[in-house]
Structure formats: structure tokens, C-alpha cells
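Consider the two complexes below, in which subunit A is the common component and subunit B and subunit C are the respective partners.
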Partner chain A sequence: MLDTVIQQLLNAAQLGAVYALIALGYTMVYGTIRLINFAHGDIFMLGGYIGFLLVTAVSGMPLVVMMPLAMLLTALVGMLIERVAYRRLRNAQRMSLVITALGVGIFLENLVRLLVGPQARQLPAQLPNGVVELFNGVVVTEDKILIIFISLALMVILWLFVHRTLMGTAMRAVADNKDAVQLMGINLNMVIAVTFAIGSALAAAGGIFFGQAYSIDPYMGIDLGWKAFIAAVIGGIGSIEGAVLGSFLLAGVEVLTVAYLSSNMKNGIAFGLLILLLLLRPNGIMGRPELKKV
Partner chain B sequence: MGLLEIRGLSVAYGSIKALHGIDLRIDEGEIVSLLGANGAGKSTTLRAVSRLLPFAEGDILFQGTSLAGLPPHRVVSLGIAHVPEGRGIFPSLTVLENLKLATWTRSRKGSAAALYRPVFDLFPRLEERKSQPAGTLSGGEQQMLALGRAMMTDCRVMLLDEPSMGLSPILVKEVFRAIREINAKGTTVLLVEQNAGMALKIAHRGYVLANGRIVLAGSAEELARDQRVKEAYLGNRAG
Partner chain C sequence: MEPVLRIENLSKSFGGLKAAHDFGLELGPGDIQGIIGPNGAGKTTVFNLITGVYRPDSGRIRLSDHELAGLPSDVITRRGISRTFQNIRLFNRMTVWDNIRTAFHDRSGYGFWEAALGLPRYRNREKRISMESMAFLERFGLADRRNEPADSLPYGEQRRLEIARALATRPRVLLLDEPAAGMNPTEVEELIGLIRGIHRDFELSILLIEHQLPVVMQLCRHVHVMDFGRTIAAGEPLEVTANPLVIKAYLGDEEAG
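Presenting the complex of A and B:
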């Protein structure tokens, strides 16, 4: 009994970690340019594929090399998308930007399907998959623990970056007042590019972990992207802490629903939770009221 | 040649022209006041100088170099700081973070305490409140923060857009005293105001803008005595 509860909690933490790695990109981009970047789920997918292609190209490439490299490459793609597709629309109607983002997402899905194929792939297991005994009889797998731990470490690094560095301060300032950011002598385009880069890199980490824990396919970003988006909204979009909180909350509810009710009810419960929470707290758990001017 | 020169500047919002070829010159060390009624084009002028707005015709020269084509952040690194209408502080950041961002383009050598000293000496209240979110400051304190940020950029010219707006008479006096002190320490000031009485008390020279055109220019004393300025901006006090 205790064993299954602990296993379920770990499953929830692992899924929540992946949600959070994606949700952070949604929330950061929304925080700076007020765009719900609907291509972001597909950037997560792309990150998983870049990792897959790297280990396929260089067999035996260890995760400590592959993951930072895949994150870097995905960050560059994220910056490229912002530069090519979004920047010139920054002052256009928001709907144009949202439709463009949807288009970019569809483009990425089809690009990967064309280049790599539509079938699901398994990322070669690169994490140690031994078991650790927590206490009498309760064992957990090492890869799960590592995924949770590395994800949390990335989130802590992000938090420190955003709150302790000048660039992070500038990113928070963009959410307050874009004109004033420029009047401080700050290159606004550069700050926004960095925001996309970081969000994309984190999503890539999520994609690789997802591929390690489950599998990857060109459409995985749709479902996971929506879930992470819901998590970000539940937590309060624009808030980094909120995105993490919402992700673990949503994953917990999902895993518990599957374990103790029925897997068919998983999405129903997830969306129900979103609606309920937004009725109670329209700005999300950690949302700042003045941030919601959509 | 002036430190900052505006030559034949025209700016339009879409098809509506807001400035019709204005000329303006600011010399090193001056406080120059730009006066005018609502909608005259004062803010438009400042936003064109800081390149937040593109300009259609004319040119803006800083130390003889054209600002045309520069992005706003480059204008700041040249030494022009713009305190916008409404102050433009970052409410969710602390006072200290607001000040720190303004050091983006300059060197931050030396101790942090020494870096912020000039601002905290001028505005001790900001030091007391340095760790609180700027959004929780009073209107007067927010204006001080906006001025403090401009100081932190290490600028040679400050463009101030209605710093007295929404402040009580006591606070207006305090803000104007600070502007005078900033100027006394060597910063040139272009001061946009509707409060012409106060502005002309501290300015050396002034311009009056009406419907996007400069209609009057002269020394502060001349303008303060000018019947048209009195009627339009100083209230109808005889004598």
C-alpha cells in the first residue's frame, strides 16, 4: 500500500517535472511579450528529437553532453522562430501573433514527420536504471529520481537567474513596461531573444526526459503542450513559481485519477480543474491581477 | 553648436502630423523648458529624441552626430536619458532593482554603495525604501525614483516629461529643487512642463509649443514676462 502510494507520487513528480519544464517557457514568453506561444509544445517535441538525432548520429554520446547540446540547439531554434515569425508582429493585433504561433507549430510537426518519420521513437536509455531501496522493501528507479532531481535543479537555476542577475531583472522589467526598458539603455530585442532561448532550452530538457521516460513522436507536443499551458494558467500565467506549482498540481491530479479512478477521466479532470480554478481565481494561483490584460 | 539640436523635426502618428518642422537647441549645462498646452506635441518631441518614435523629416543631433536610425537603447548609451510622462518605473521590481537596471550601459566598477550614493544623497527616501517594490511608492517617491534612474544612466542630457504631474505643491517644490541640483552637478536638462510658472523659475531658456509648432522662444525671464505666456499658461494675473 505505502509502496504504491510512493510510486504514484514519484510518477506524478516525474510528469510534473516535464510539465514544468514546458510550462516555464509559456509563462516566460507570456510575461515578456504577452504571447501565448502555441508553438511551444512543438519546441518541446523538437528538443526531444534533437536529442534523439544527436545520440543516433554519435552513438555512445553521454547524456551530460547530449542534453546541454540539445538544449543549446533548441534555444537557437527558439530564437530563430522569434526573429523570423514573431518580431515583426509584436505590435500587430494579438490574434495575428497567435495564429502565426499555431502555424509555426504545425510547421515544426510536419518538418519532423517529414525528416524523421511519423512513428514513435524510443530515446536510448542514457540514465542509470538501477533501483535504490528507500526503506524496507520500498524501491525506486534511479532514472526517475534523476529526472526529477535534474528538473528541479534547472528550475532553481532559472529562479536564481531571473531574480539575481541583471538580465533576469531586465526580463521581469519587460513585463512591466517595454518602453521604459529601452529607456534604461537595454536592447529590448535581445532580452526577448534570451527569453525565447531559455524557454526553448528548458522545453528541450523536458522533451529529452519525456523521451527517456516514455517515447517521442512528432505530435507529442500537442497533448503535452496543452497540459503545460493549463498548468501555467492554473499557476498564474506570467509567474515562474506559479508555472512550477501548477505543473506538479496538475500532474498529481492526473496520476491520482488514473490510479484510483479511471484513465479515461484524466483529461476531463484536468480541464475541469482548470475551469474550477479559474472560476475561483481568475488570475491563477500566483497570478498578479495587473498582468491579465488580454 | 548646441549639445542637442533638433532641426526641422516632423513627426506623424499615421496620417496625423503631431510636429510640423520644429527647431530647438540646448547648450551644455542649460535647463531648457519646453512649454505648451495639452496635445501641443511636447511628449512627441521627447519620444522622437529618445527614438521611441520614428521621425519623418528633419534631424536630431547630439554632439553633432545624428540620432536618426539609432535604436532607443543606443541613444541612452550616448548619454541621453528620458524620464517619460507617467514616470515609467517598474512597479514589480524593487527600488534598488529599478536603479540597477539603469546602469546597464555603463561600467559598474567600485562598490555598490558608491554607485548609488549620488542618488541616495539627493533622495534619502529612496534609500529608506530601496528593498520595497517600486509600485508601493507614493507618486512623489516614484518621480524621485524616475529621476534617480536617469541619474544612474550617467547621462549628459536629461529629458524630463512633466515631472510635476499629479504631485502636491510641496512635492513639486522638492522635485524642482532636485532637478536644479542635478543640473548644478553638470547635467543638461530639457524640461517639459505645463506648470510654466515653476518651470520658468528654474530654466535658463524656454520654448513654447502650440499645435506642433514652436510659437515662442526666449530666455526664461522674457517668457515669464510675455503677455501671451501669462495668459495661456500662468493664469490671467495682471501685471
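Presenting the complex of A and C:
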């Protein structure tokens, strides 16, 4: 009994970690340019594929090389998308940006489908998958522990970056008052590009972990992207802590629903939770009411 | 002496409205000059043109030997012009401390990896920035407030923080947009003392927009009076305020009111 509960909690933590790695990109981009980047789920997918292509191209490339490289390449793609598709529209109607983001997402899905094919693929298992005994008879697989651990480490690094460096301070400043930022000598375009780069790199890490734990396909970003977006909204979009909190909460609800109620009810409960929470707290758990400028 | 800031024939129209027309100015090293005029005269437009918020239709803005017209705001700030706003624009949800730190952005002197790995250069630079930030906060009596969100400060302290933050970018020219707005006479006296202190300690030139005449009279050696985008008078404060055109455009309103 205890064993099953712990297994389920670990499953939830693993799924929550992947959600969080995606949700952070949603929340950071929203924070800086008030865009719900609907292509972000597809960046996550692309990260998984870039990882897949790297290990396929250079067989035996270890994960410690493949993952940072895939994160870097995905970060470059994220910056490219911002530069090509979003920057010119930054001062246009909000709807134009959102539609563009949806279009970029569909483009990425079909590009990958065209280049690599529609079938689901498995990333070669690169994480050790032995088992560790926690205590009397409760065993967990090493890969699960590593995925959770590395994800949490990435989140801690992000938090430190945002709160302890000048670039991080600039990112928060852009989120706070975009008009005043440039008059502090801060290059707004640069800060926004860095935001996209970091969000994309984290999503790539999520994509690789997801491919290790499950499989990758060109449309995996749709479902996972929506879930991560919901997690970010539950946590309070714009808030980094909120995105992480919302992700683990959502994953917990989903995994426990599947385990103890029914897998058919998973999405119903997840979306129900979103609606309920937004009725109670329209700005999410950590969100603060939007300040209206007079 | 060679002026620090020289503006010639600066013009900007919005639709048919000439917000600024043929504006000119020479600000020498250590000068304090003022721009006055009724609401909507184009004073803030001139500031927005100087700081690159608007792109001028025509005219030249030179900071020493560098042409600034047409450059983006962040580049202009890095060249040495910094400003405050009529409606205070702080990073409201960030702490006083982080507000000051934004001013050091382009002088971080360390890269992403140095920060990520916590290398000595990152730590040394951050230590220096912290010391400088602290010095600014102490100079402006805000050190005790450093961990509070900017929007929790009383109005007068928000003004001081905005001025401190502008100075932390190390400008050669400081633009103050109605620094005394919303202040009572006692606070205005304090502000005048503060601006005098800044002028003395930071070796910079100041250009200020102000509605409160005592501020202009006490601080400025040279005043520009704007009305409907045009400069209708310029000169010493006493001389300018005696100018009938000025009285009609600006002071006349107040007497009538």
C-alpha cells in the first residue's frame, strides 16, 4: 500500500517536473511581453527531437553532452522565433501575436513531421535505470530520481539567475515596467531574447526527459503544452514560483486521479481544477492582480 | 566653454500638432537650466526627444561629440543622459535595492557562465555593484528601506529613489521632469537642497522641467519658456518672468485663475 502511494507520488513528481520545465517558459515570456506563447509546447517537442537527432547522429553521445547541446540549440531556435515572428508585432494588437504564436506552433509540428516522420520514437535510454531501495522493500528506479533531481536543480539555477544576477534583475524589471527599462540603459530586445532562450532551453530539457520516460512524436507538444500552460495559470502566470507549484499540483491531481479513480477522468479533473481555482483566485495561486495604469 | 549638450532646431509633430518646434539649447558643464511653460507646451516632448522615446522629425541633439537623434533610448542612457518622470516610473513590485541595481545592468562586467558557475569575477563584480548601490541608497536616505517594494514607499521617497536610480546610471546630463510635482512647500525646500547637493557632488549638468517657480528661480541660471511647442523666451529667470509674452502665456493664466 505504502509502496504504491510512494510510486504514485514519484510518478507525479516526474510528470510535474516536466510540466514545470515547460510552464516556466510560458510564465517567463508572459511576464516580459504579455504573450501567451502558444508555440511553446512545440518548442518542448522540438527540444526532444533535437536530443533524439543528436544521439542518432553521434551514437554514444552521453547525456551530459547531449542535453546541454540540445538545450543550447533549442534556445537558439527560441530566439530565432522571437526575432523573426514576434518582435515586429510587439506593439501590434495582442491578438495578432497570439495568432502568430499558434501559427508558429503548427509550423513546427508539421516541419518535424515532414523531416522526421509522424511516428512516435523512443529516445535511447541514457539514464541509469537500475533500482534503488529506499527502505524495507520500497524500490524506485534511478532514472526517475535523476529526472526529478536534475529538473529541480535547473529550477534552482533559474531562480538564482533571476534573483541574483543583473540580467535576471533586468528580466524582472521588464516584467514590471517595460517603459522605464530602456531608460536605465537596458537593451530591451536583448533581455527579451534571453527570456526566450532560457524558456526554450528549459523546455528542451523537459522534452528530453519526456522522451526518456515515455516517447516523442511531433504532436506531443499540444497536450503537454496545454497542461503546462494550465499549470502556469493555476500557479499565477508571470510568477516563476507559481509555475513550479502549479505544475506539481496539476501532475499530482492527474496521477492520483488515474491511480485511484479512473484514467478517463484525468483531463476532466485537471481542467475542472483550473476552473475551480480561477473562480476562487482569478490571478492564480501566486499571481497578483494586474495593476492598471492610469 | 564647450557645451555638454547642444540641441539645435529640434522639431516633432503629432498629426497636425507641432509638439515641439525649433527647440534649441546649450547646456554647459555644471549648468542647471529649466524649461517652464503651461501644460501641453511641449516640455515633456523635448525630454522624450532627448531620451529617444520619440524620434525627432528634424534637428540635432549632440552630447559632446556624439549625435544622439534617432538612437534608441538604452543607447542614449549609456552615452550619459538619464532622466526621471513626471509620473514616477519605478519598478513597483521590485525592492528598492533591485530598483537601484537595474541601473548597473550594462556595467555588470560578467557573463552568463561566470554567474552560473559563481566564478570569482562574478562575485567580485557583484560585490562592487552592491557597494555602489548601497552608497547611493545611503546618500538618499533609503538604505533602511532597501528590502521594501518600491510602491510601498511614501511619495517623497519614491521621488528620491527615482532620482537615485537615474544617477546610478552615471549620467553626464540629468533630466528631471517636474521633480517637485505634488510636493508641499517644505518638501519643495528639501528637494531644492537635494538637487543642489547632487549638482555639487556628482559633477553633472541638469535640465529640469518645473511648474513650481520657486524651484526654477532658486536653481536655474537659464530658463526656457515654451508655449504651444515654441520657445517664447529664454534667459535669466528674473528677466524671463518679467517678459510680457511669458506673463501672458503662463503666469497670466494663474493670475486670472
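FYI, the second predicted complex is superposed on the first by the 290 of 294 C-alpha atoms of A that agree within 3 Å, B and C clash if a C-alpha of one lies under 4 Å from a C-alpha of the other, contacts with A are read in each partner's own complex, and residues count from 1 in each chain.
The definition used in the following text is that a contact is a pair of C-beta atoms (placed from the backbone, for glycine too) under 8 Å apart; a residue touches a chain by one contact, two chains touch by 3 or more.
What you are looking at is a predicted structure, and each value in this text was computed from that prediction instead of being measured.
S.K.: Overlay done on subunit A, so just call it for subunit B and subunit C: clash or fit.
M.R.: clash
S.K.: Quick check for you: in the superposed arrangement, does A:R172 touch first (subunit B), second (subunit C), both or neither?
M.R.: both
S.K.: Contact-wise, after the overlay, does A:L158 reach subunit B, subunit C, both or neither (first, second, both, neither)?
M.R.: A:L158: touches no partner chain.
S.K.: Check the residue A:M184 against both partner chains and state whether it touches subunit B (first), subunit C (second), both, or neither.
M.R.: A:M184 contacts both subunit B and subunit C.
S.K.: Hey, what residues of subunit A end up touching subunit B and subunit C alike?
M.R.: Residues 166, 169-170, 172-173, 176-177, 179-188, 288 of subunit A touch both subunit B and subunit C.
S.K.: If you look only at subunit A, which of its residues touch subunit C in the complex?
M.R.: Going by the criterion above, the answer is residues 157, 161, 164-167, 169-170, 172-173, 176-177, 179-188, 288, 291.
S.K.: Given the complex with subunit B, which residues does subunit A contribute to the contact?
M.R.: 166, 169-170, 172-173, 175-177, 179-188, 288, 290
S.K.: Applying the document's contact rule, which stretches of subunit B touch subunit A when the two form their complex?
M.R.: That would be residues 50, 52, 71-73, 76-77, 81-84, 88-93, 97, 100-102, 104-105, 149, 153 of subunit B.
S.K.: Taking the complex as given, what residues does subunit C use to touch subunit A?
M.R.: The touching residues are 51-53, 72-74, 77-78, 82-83, 85, 89-94, 98, 101-106, 108, 112, 115-116, 122, 126, 129, 165, 169.
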